[in-house]
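See the structures that follow.
Look at the two complexes coming up: subunit A is in both, with subunit B in one and subunit C in the other.
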Partner chain A sequence: MAFLARALRQSNSRLSSRCPAVAASCRWISPTAAAGSPEAGAAVAPADPELPPPREPVGGARVELPPNPEDALEVFVDGHAVRIPKGFTVLQACEVAGVDIPRFCYHSRLSIAGNCRMCLVEVEKSPKPVASCAMPALPGMKIKTNTPVAKKAREGVMEFLLMNHPLDCPICDQGGECDLQDQSMAFGADRGRFTEMKRSVVDKNLGPLVKTVMTRCIQCTRCVRFATEVAGVQDLGMLGRGSGEEIGTYVEKLMTSELSGNVIDICPVGALTSKPFAFKARNWELKGTETIDVTDAVGSNIRVDSRGPEVMRIVPRINEDINEEWISDKTRFCYDGLKRQRLNDPMIRGPDGRFKAVTWRDALAVVAEVLHQVKPEEITGVAGKLSDAESMMALKDFVNRMGSDKVLCEGNGPNPPADLRSNYLMNTGIAGLEKADVFLLVGTQPRVEAAMVNARIRKTVGATQAKVGYIGPPADLNYDHEHLGTGPETLVEIAEGRHPFCSVLQSAKNPVIIAGAGLFEREDQDALFSTIETVAKKFNVTRPDWNGLNVLLLHAAQAAALDLGLVANPAESIKSAKFLYLMGADDISLDKLPEDAFVVYQGHHGDKAVYRANVILPSSAFSEKEGTYENTEGCTQWTIPAVPTVGDARDDWKIIRALSEVAGAQLPYDSLSAVRDRISTVAPNLIHVDEKEPCTISAEVKPPVKQQVSSTPFKTVIENFYMTDAITRASKIMAQCSATLLKK
Partner chain B sequence: MLPPAARLAARRLLGLASSSASEAAARRLAPSPIAASSYAAAARGSVSSSRPFSTALNYHIDSPENKPDMKWEFSEANMKKVKEILSHYPSNYKQSGIIPLLDLAQQQHGGWVPVAAMDAIAKIVEVAPIRVYEVATFYTMFNRTKVGKYHLLVCGTTPCMIRGSREIEETLLEHLGVKRNEVTSDGLFSVGEMECMGCCVNAPMIAVADYSKGSEGYTYNYYEDLTPKRVVEIVEMLRRGEIPPRGTQHPERKNCGPAGGNTTLHGEPKPPPCRDLDAC
Partner chain C sequence: MAFTMRAVKVPPNSASLEEARHRVFDFFKQACRSIPTVMEIYNLDDVVTPSQLRSTIAKEIRKNQNVTNPKVIDMLLFKGTEELNNIVEHAKQRHHVIGQYVIGQEGLVHELGSKDQGSSDFLKKFYTSNYF
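What follows is the complex of A and B.
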């Protein structure tokens, strides 16, 4: 028993010394909120010399007071006056005052449950301690967070919580980042009085991602509220009553949400932990690298936790504009794909059809030799969906220097709408979607194409009862929506004002149209987008103060590729190619490729395209390189290397730079900053990191379209949410998910 | 040497089992706290060895008669009742009807609610099935596993316990040859436990939920002032299809009045002297 306590203490001291990265997990809890006498402080003005200076708000929270002073009120927290907007709870008021209130069930992005009672504080004139998370702050309220009453209340609650909580911290994966552990150190008693048997609860099977140890559960119901409110799958519930209460699904059911991994983060104890990460590492052994995700076009902010050369797990970072504090399961669990199927040596396919590892010098020499044997117009370069802007810039410059203009990025279709930036970006912005009141989804299923955008739409629908119209193949969107039709004719009907949904659009204040990037692949895409623009014009979707016309991209590389002008027609380019340079492009169709074409595959995974490649040049994955990515809303972000590259792999742009030298057409940059200088001359927005460059030119200048809309219904673009690119296809966890969760 | 907390635990547990257990005995008998607890549990006997919550587990286990993919719907007559029940609530708060609908389903289905019935109710009130499961598992009067046509519920709360409810239950279990929450082989009886039903004056008591005639003839009668002999008689009457007179079984008692007639309150009660309002 003593060793348990020691382990607890040790893990906590380690936690405190760890550099906190995610604000949610780094909330540092101190048992002494503010020194000084609270009784005296409550009565006197804050200018009293005995009072300590007011503290900064917890976690750097900003409070925007409403313009009308009547909508703000003043409360006193431990004697300090704070002004807060009306409708704030006592707990929020305390946070503004810089006093961190311990909590388990309260989560700022979920509804208030008020059932853990850990946030009890004393309020003057209230006979009992009040649960601050559920109590609205009233004008002049005198809140005391550090009195004996509040302390005793917390200690009592903590004792009850620990009553049935097993003492298995040394074997618990949450150990070291556990709210219960931290708060019991800060607010708990040094001994318990409970000597009966602790209860035990049967573990539930929630699928291949979330491991459950239900005996550790403290019934905060965060997971139930998350599943119901954010993920939109009402599978979890609180079953039973009293001490027999447990979280569960009642009937055997897996959690089939694309956001299910987030329950691991919100669980304050070790009841819900990551199954793939189970018993793999302790959180204090991990090095956190703040980077971004590239498995979809959202660019979710993530922290890659690594130990030595291995990525151990991926957790979200807070970015209110993009992913709030959630990430999709694909983002979170694709990391084991980074360890499998990797290409680590340059290889040349011998006459026997087998690959043989060679040195970089030999591989580049062979490629350069072949390059000089083909005609310039027979050279084609294809960037893959995970490519960063630097490598695409290098690829484009190189192919152009070799005398060809056939350089493209997969997924952008035959005639990419690259002329106007607003034609391929999510102009409203992901966070901007929250202001919308009507959504029209055209040929896009955000739930599988961009789970975080879908979560935003769901949040808006839940908060404001926004209406959603959907045109496309039957889909399981996890919010109320109207399935208007499956093909372009419905869109035409809306454009001509013949569809019943027109009245909804007509009455909308901030309508949003989201077109899927899957439309890029269609033959009639120009006509489609012009129809969409007609709809937009008709229903006032684009105004000076509101741009609701959006394209939801599919891949991380798409936006930057269009910015940089990788816009060749894939069908023609592939058909005429004698030398095909695939830079991580696995999903482009090579059926039309001439038999005698020479294919160079530069990439990090031995995926689809490797079967056709003649030379393989290994490159580094997003977790191993510094790269610029632009997400679907046009926000430029950087990846930061978290782990060293595998084997003899090199960064993509460096390989092309080296090849250009061997081929005698040396590119004029030798460093990353030089590449970025070059990018800034082509697309200056890609240099402004973490900024969204708004589009300035309006769509009015577009030439008229003569094309006719075809009647082919829209297709499902992504068949398997869990496997969309080389990394996720190599991942075992993603394979398990596809096998178990997509089963109908 | 045990750590102090474990020693204390062992002592307490042994103290529950036999009051004469000394600390020395505790040390001797309890080389580890786990051994001590199992000893204590064994010593406490079988009847009250564990406190059951509701009749079943908090999760569903598939069985031939209870599977989620089975079809279940309200009968024609009960469908009318469903409409009537839902008319009590605003159309956007249909979920308020979950409890009455579960009750109706339980009456129709012979005293218990299969998971298919909960799914059917979820569909009627337009909520996710889990919301109905939550309610059904919360309330102990919803049986989620099979019960007998006559479900006998023995009150186990303190006044009844003092007046001998444990003997009543033991007699019932012995007479019917079942364990608690088990159904007799003929499917007629099952015995469960319940908390106070407010008949403490006439303790001990049992409640008999009669599901033999579906939701039309459903009764829920109290039998009070029981003796082990009388409870067996009641069971036998039920078995024969008779309906025993409900309420107190004491021959000299009327309702909850004293045996042999009133001993006090013979006349019209006088107002209390302190509240002579005219004098004010």
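What follows is the complex of A and C.
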């Protein structure tokens, strides 16, 4: 129930901005909500009794006026004066005044095209209606959005758009959430005059993710602008002119971007829709659950749309600090992995090597019995990359109560820098990257490790011409960058001031260093991080007002695991283990594990580690449980259950709690809130949900490092962007993507 | 469904608790009278005796013994009558009757709880379901 309280709190905070979101969305499709007679807009005097009352900004948005009053100007929208910053367009001015202008091509995060003409409004003393998205607001402008001229203009535009738009809404996947459908209901004419044949366009093959029905396209060019500006691939473009105009890839080519799924969201019509979701469900049958993504360490905010017990699709939620309004393809399309390869019953491996389904009572009894036969120091617990903080807390408490301190999280390496939070977090924050002017990427390829962070870097590079230096194996970064070298020696050169890139770092105002979490796995990681700190000190990367020394983590569980202190050395722990408890850990190397070790696998997918397991305890996936995750910038977020668990599975922390009792070392918590109370005594920042707990910089207290930097070049950490964890490896769509989209 | 609708007439509401109570006894008697027919229709002679069935009926009625609102009692009576009609009209099959009234809701497995003795409330709930 805690998540309900949280949802309530969130909606309260949203409502506390003065305009209720509900009212805003109602206004969206109803042109008459503004009401008043058509002449009302013409009257400028605010005292006019015909004038509708002034409204709040669209969506409850806050408008920050610049401190200098000369940088603000005043315009009149439908007779009401509004103050806006200089440089706003007429459309933005209208939004501030609470008037939502219909639009197709305009998108606030993309450049302005001004080609759909749907946003026409009347401006006094202008001979024709103007396209409000492309017209800068000028002081004293008198904008009228609801006059007969504006209405007639919209109606005309609508008629032209519908001329060549097929009437296939009943079989269109966009039906019900289509901008064209909504706006033609609200602003279009009630009859058509068109009797000729409609034009038709050949569909393009954009790969396994995006389905195209190009006849439906209205040439708003949002997808073209998204591909070039945000995704950074020049794959889409406009071909032909006039009525022969069409969107397409210039030659027969797939769209190879890790953000390609977002064109589905920005397409205002049904031209670009989701291929895996095609004809699967209608949007009004779906139940949306606002949760977060766990396929990488970014923690993108998503909405899981489910029908009954099935996750039907995943779409992004807006969070300006983390993912803006985009998500990566892995996040969006991994959901079919939630239906495949699932573990649904507790199972014990018989003497013949085959698994047999048993009851929870028997499975836990067997595990507890084995647990008592081994020595305490031979017990090892490993948390997987998708584990939530609650289950990791329970696992650590349980293993400790059994007398062992060997509990770790995969991916954190032999000696993770867990002492200071600033040593393993992205200290600038993801949104803070936009302030940077020089990036130095050390052993990290953000494009595959954290696509949303990469999009942020690309946005910054595009907006401010920030310089990017990259040390690591040859990589395909989608922005201008300088490949400085492949190994640590380049880093040492920079630290010693011998490298040409030093002059760039020297002149930077807000330099940022991003070190990949892949470095944690290296033998010389202490030396590497101390070299990175030398670079940071030398070029003023960490100052009291700016901490640009960042670590980009790889997995959703990593940050919370380091906060909670799951920091045992994997090599030693595995080698000496006689009882290994794998909590969803599939990517940890079990080669060194003794033959006679007893392996318990608790997880939701029959993935790699199951082949070695002796007992399987089925648990719930992120879409089915309430869990706390901390992302790479240290922001704590909760997942919310969207669908029920599969079969006889249980939540992760409950399994460990139950096992602890059967094993005679009962953990002192019975409910989620009690687990969270326990967490708050270890890592209070994991309790402050949706907040980023800032960490203090105290690099001085570190002991000097005696280790030498090795000359081994940095390795590629993630070989296959589409398949990184149990869920994505079980997904058929992700398998198709890796087959067709990965560069060979 | 039509024949059930014909058979089940909705009587006017009971005016008082006394009247409702009276109707419950009437219903019980009616159900007891139909037991021989039921035994014959569903071939129950080798699995159950009439007296066992009678006590099952009494048990089902006693499940609601704390209800004091005559309207609710009327509603429950209506449901009971409907169920009885379904049984008497052979709208059910043999395994329905055996499953519901001979074996009972718990089914064939009777967990005596000896294994879980001494374990906490949490563990008992954990064994039954993930949601508690």
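Here, the second predicted complex is superposed on the first by the 697 of 744 C-alpha atoms of A that agree within 3 Å, B and C clash if a C-alpha of one lies under 4 Å from a C-alpha of the other, contacts with A are read in each partner's own complex, and residues count from 1 in each chain.
In this text, a residue touches a chain if its C-beta (ideal position, glycine included) is under 8 Å from a C-beta of that chain, and two chains touch if they have at least 3 such contacts.
Model, not experiment: these values are computed from the prediction.
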Based on the shared subunit A superposition, would you classify subunit B and subunit C as clashing or fitting together?
fit
Is A:Lys706 touching anything from subunit B or subunit C once the two structures are fitted on A? First, second, both or neither.
neither
For A:Arg354, using the defined touch cut-off, is the partner it touches subunit B, subunit C, both, or neither? Pick first, second, both or neither.
neither
Is A:Lys125 in contact with subunit B, with subunit C, with both, or with neither (first, second, both, neither)?
neither
Taking the superposition as given, does A:Ser620 touch the first partner, subunit B, the second, subunit C, both, or neither?
second
To the nearest 10 degrees, what angle do the lines from the C-alpha centre of subunit A to those of subunit B and subunit C enclose?
120
Contacts of A:Thr645 with subunit B and subunit C, given as first, second, both or neither
second
In the superposed model, does subunit B or subunit C contact more residues of subunit A?
B
A:Arg657 contacts which: subunit B (first), subunit C (second), both, neither?
second
Three-chain overlay, closest Cα atoms of subunit B and subunit C, distance in Å
41
Hey, which residues of subunit A end up touching subunit C in the complex?
359-361, 620, 644-645, 649-651, 654, 657-658, 661-662, 666, 670
The subunit A residues in contact with subunit B across the complex are 1-2, 191-192, 195-197, 202, 204, 228, 234-246, 248-252
Within the complex, subunit A is touched by subunit C residues 115-116, 119-123, 126-127, 130-131
Within their complex, state which residues of subunit B touch subunit A.
3, 5-6, 8-9, 12-13, 37, 53-54, 57-60, 62, 68, 115, 127-131, 133-134, 137-140
